[in-house]
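Each structure below is given as structure tokens.
Below are two complexes that have subunit A in common, paired first with subunit B and then with subunit C.
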Partner chain A sequence: MNALFLAVSYLRFHWARSLVLVLVAALILSVPIISQVLLNGSQTALTERAENTPLVLGSRGSQLDLAMNALYFSDDRANPVTMADADVIWDTGLGLPIPLNTAFETNGARIVGTSIEYFEFRGLDVAQGRQIAVLGEALLGASVAERLGLGPGDTVVSAPQNLFDLDGVYPLELNIVGVLAPTGTADDEAVFVDIKTSWVIAGIGHGHDGVLAQGATSGDIVASAAIIEFNRITDDNIDSFHFHGDPSDYPVSAILLVPNDDRAATILRGRYLDPENPVQIIVPNEVIGELVGRIFRIKSLLDAVTLIVGGAALAAVGLAIFLSYRLRAREMQTAFKIGARKGMILRLISAETIIILCIAGAIALAITIAVQANGGAIVGWLLAT
Partner chain B sequence: MIKIDDLSFTYPGGDFRLTIPNLVLEPGEKVAVVGPSGTGKTTLLNLIAGITVPQAGTVRIGDQTVTDMNDAARRALRASKIGFVFQDFALLEYLSARENILFPYRIAAGAKLDASARARAEQLAASCGLAGKLDRRPGALSQGEQQRVALCRALIMEPALVLADEATGNLDPANKAAILDLLFARTADQGATLLAVTHDHELLPRFDRVIDFSTFRTAQGDAA
Partner chain C sequence: MPLSTFSRRATLGLMLSTVAMPVLAQERPVVAAANYPLAYFAERLGGGAADVLFPVPADADPSFWRPGIADIAAIQSADVIALNGAGFATWPTKASLPRSRTVNTSAGFSERLIKTDTVTHSHGDGGQHSHTDTASYTWLDFTLASEQAGTLADAMMRQMPDQADAIAANRDALLGDLAGLNTHAATVGATAGSTAIITSHPRYQYFGAAYGLDISAVDWDANEDPSAAQWAALEDTIAATGAAVFIWEAEPATASRERMATLGLTDVVFPPLANRPAEGDFLTLMETSLQQLEAVLRDR
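Coming up: the complex of A and B.
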């Protein structure tokens, strides 16, 4: 008890030094646990979602980029394909194409333009509000809604892609009509809109004031830079929104394919095997399986590095305690001279070390519990960036 | 009574031997030890306290023979019967003045830090002019105040013997006199014997007896 009192007094007096020791020890203890928790969470998140996504069609190139973008809406995006590719699949009758346009974002969250079938395919339920119905409406993932503190009735504005490009994409204010129930997947981190709304954001579709001169006939178009282009779709202006160009040329980042059966899946894959074909079909489970294998090979290396760094840090903590002991030689000598019982000094040093390790252990435990509790969100964020 | 007989101590690897044929300190006696630096005055204090073990001879404190005791017994003796006052005060910077005074209770075997011990600390501190300053750490006290705290720490266990090693060496003249007054008064209160090493010759007349320590030191190999 006395050793404990003296140890606490010493550590409190030298609080900065004690804090550094505690934090270093907490990091040494928590880093391996956290990496293990996150890796296990990543493996689960990666494989579960991949297993639940039979096929993905996209531009030929990195299969991993395509899978990460289509499954986790990551920043790694291959060149877009077009709606014509979705139509081809549709025409075969072998499966259901679900387009994804992930080119835009808002408030750090990916805007995912898709069709209504996506929500049924992923088993997403609306927790608040309602499903998107018309152009300009958005449905927030659970984490995005919580982070931004937004819900039905609020709006979010898509991020302009380039502030200095006057010819570029203009921000569109989206009407939030609902919030999805949390799933612990990348869907929680996304803002969903109809695929057509994503094309409005892309500038392919737009709405604006009338372009006919007063009293003019339909042939007298007086469009100019002075015409006001709507940056929010409302009941009053929705009818003015229209698209330009051939709908089959409209871009999509990737297309999820839900084949009717295994045979249909095999046929579909066979049709896109030609390496000259600019479009490819991938099996996410195979691509992600290879990635997970690599991650765990890297993890072995990480474990070794952690072990070395942890050993070095522990040695540093030991050195700090040893130096502290040396610095306190006068104090120890005084204690000895005035009759400290044998082992008292050892008990004092031990008490200090145990207190530091206990606090560090508690912090490490708290960090681990926090990481474990938010593992899904952290993994989702890690996978999306 | 403190009694030393035929004490002989040679520093390991040292070039001289300390020899004390006979020395007796009566209860309540105030004795000053003087002598040039390096003559072993501090060693004498350490030998009496059982911190250093002589090669020959005996040291007795009351009815206990220090030189016959094992390490644990000598530690217990120091904690219960000997109070130390050091030149550099040797206070713990991270403890308050109160906790510094009570420090022997926290480190000594068998010592119980109870309400009466705390009350005694308050009383002792008040008698040394430290009332109202017990919650301060040493860094917030003057040198004179720090030595008063060290004095209280030496007396808190009500020792039979107080060993002061240059206790006034780091103090200004005013504080020297004040600390010596306190040392004399408080040891007298407790009936303790005081053995003080000092270089302050102006203070010597206040002691009951002065021992010129240079007479005890002999070069190694010389006859004692």
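Coming up: the complex of A and C.
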């Protein structure tokens, strides 16, 4: 008891040195566990989402970029395909095409333009508010809503694609109508809008005041560059919104394909095997499986590095403690001279070491639990960025 | 009541309610329709096995009606969402609808759609562009109505495979009735010969084109008495076309009909039935309108 009291008093008196030792030990203990948790979480998140996504259609090029963008809304975007490609799938009757337009961002979150089927396909439930119903409405992923502190009734503004493009597309203010229930996937990090809303953000659709001057007939051209486009879609101006061009030419980043059955999936894949075809179909499970294989090869290397670095750090801490005791040699001698036995001095040093390791262990455990609890969100964020 | 009898009845009631609950809880398929003709087709095709959702109020024009959020939520959850296409109603272009359950009933004859006015304008430095309008009352050509009914039937059979046989049988009966209307309309066209017709609203383009009728239109609001300027415009149209017959899309005021007679026009009411009528149904009212128009044309 006396040894414990003296050890605590000593550590409190030398609080800065004690704190450094505790933090270093805590990091040495927690880093390998955290990396293990995140790697396992990444593997699960990657493979689960890939397994649940039968096929993805997109521009021919990097299959990994296409899969990462379509599944995790990552920044790696291939050239867009068009709605005509979705229509081709639709016309075959072999499966359901779910278009995704991930070209825009707001407040650091990806804006995902899609169709109502996406929410049904992913099993996403609205936790607050309601489902998107008209142009200009947005549903927030759970993490985005929490991070931004926003909910139904608030608004977010789409980020301009190029800050220096002063004559470019106006940012669009989106009305938040709901927040999705958390899923621990990339959906938590996204802002969902109808795909038509994403085309409004792209400038393909727009709304403005009437183009006919007073007394003019519909045959007169009276509109000019002075027409101001609306940057928010409201009840009052929604009727003025319209789209230009052929809808089949409208861009989509990728198309999730839900084939009717295995036979339909095989037929669809067979139709896009030609390397001259600018459009390809990938099987996310195969692409992500390959990525996970690489991650595990890297993980083995990482484990070895962690082991070496951990051992070195542990040796450094041991050395620090040893040197600390060497510095305290006179203090120990004084204690011995005033009657403390060697066993007592040993108990004192042991108590100090155990206290430091216990506190470090507790901190490492807390960090690990915190990372584990938010593992899904952290993994989702890591995969999306 | 003896306890044993009560217990038996309670047990029987519990058993019956347990058996009945899944039946009561089983939701009937819902078909949402953008206009009354499609709602009528859905009712005929469903034959009572499906609920038809046609949320447009009786006093609204479905071409210009905009659904509220609650209406869109109900439409989103329907098993089949039947749209007319051809630019009929702009709300579907602004609403989030599930494509897998939405059917554009005029998509199969897009090359036969009739183009109307074109408006050209520009924004910023983007250059000029045009909006071309399309005549949207496609069902007034009963062959197109038949195609729309067939397309809707296919969509309903896809979404309600258990009812496919019944829907197919109902489709055949409906197509037979529409073929009857088409035959009658062709007779009306033959009876009209070269008689020019003016309509109170530009909604009869497909009717005129399909049955060889010379139809011009003024643009009068169905629920308002025409203004002096509108009467003057009508007189100009009569002078230009030599029209002898006027078609009202809805029952006009008595004074308007009397004034029409003074202009030498024989008038007749022929509702295009975009909205649900207070009485009667699509088939009977169309038949009645055709009979009245035929009678007027024969008497000329």
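Just so we're on the same page, the second predicted complex is superposed on the first by the 376 of 385 C-alpha atoms of A that agree within 3 Å, B and C clash if a C-alpha of one lies under 4 Å from a C-alpha of the other, contacts with A are read in each partner's own complex, and residues count from 1 in each chain.
Keep this in mind: contacts are C-beta pairs under 8 Å (C-beta built on N, C-alpha and C of every residue); 3 or more make two chains touch, one makes a residue touch a chain.
The structure displayed is predicted, hence computed values, not measured ones.
Enquirer: Scan A:31 for contacts with subunit B and subunit C and give back first, second, both or neither.
Expert: It touches nothing on subunit B or subunit C.
Enquirer: Applying the document's definition of touch, where does A:194 land relative to subunit B and subunit C: first, second, both, or neither?
Expert: Once the two structures are laid over each other on A, A:194 reaches subunit C alone.
Enquirer: Just subunit B (first), just subunit C (second), both, or neither: which does A:332 touch?
Expert: The answer is neither, since A:332 touches no partner chain.
Enquirer: Report the partner of subunit A that touches more of its residues: subunit B or subunit C.
Expert: C
Enquirer: Per the contact definition in the header, classify A:365: touching subunit B only (first), subunit C only (second), both, or neither.
Expert: So A:365 meets neither subunit B nor subunit C here.
Enquirer: If you lay the two complexes on top of each other, which residues of subunit A touch subunit B in one and subunit C in the other?
Expert: Shared contact residues on subunit A: none.
Enquirer: Subunit A touches which residues of subunit B in the complex?
Expert: 49, 51, 71-72, 75-80, 82-84, 86, 90, 92-95, 99, 103-109, 113, 137, 153-154
Enquirer: Please output the residues of subunit A touching subunit C within their complex, sorted ascending.
Expert: 90, 96, 115-117, 120, 130-135, 137, 167, 194, 196, 206, 208, 211-212, 218-219, 221-225, 227, 229, 238-239, 241-244
Enquirer: Which positions of subunit A touch subunit B when the two form their complex?
Expert: 2, 5-6, 9-10, 12-14, 330-331, 334-342, 344
Enquirer: Which bits of subunit C are touching subunit A when the two form their complex?
Expert: It comes out as residues 66, 69, 72-73, 76, 90, 93-100, 117, 119-125, 128-129, 131.
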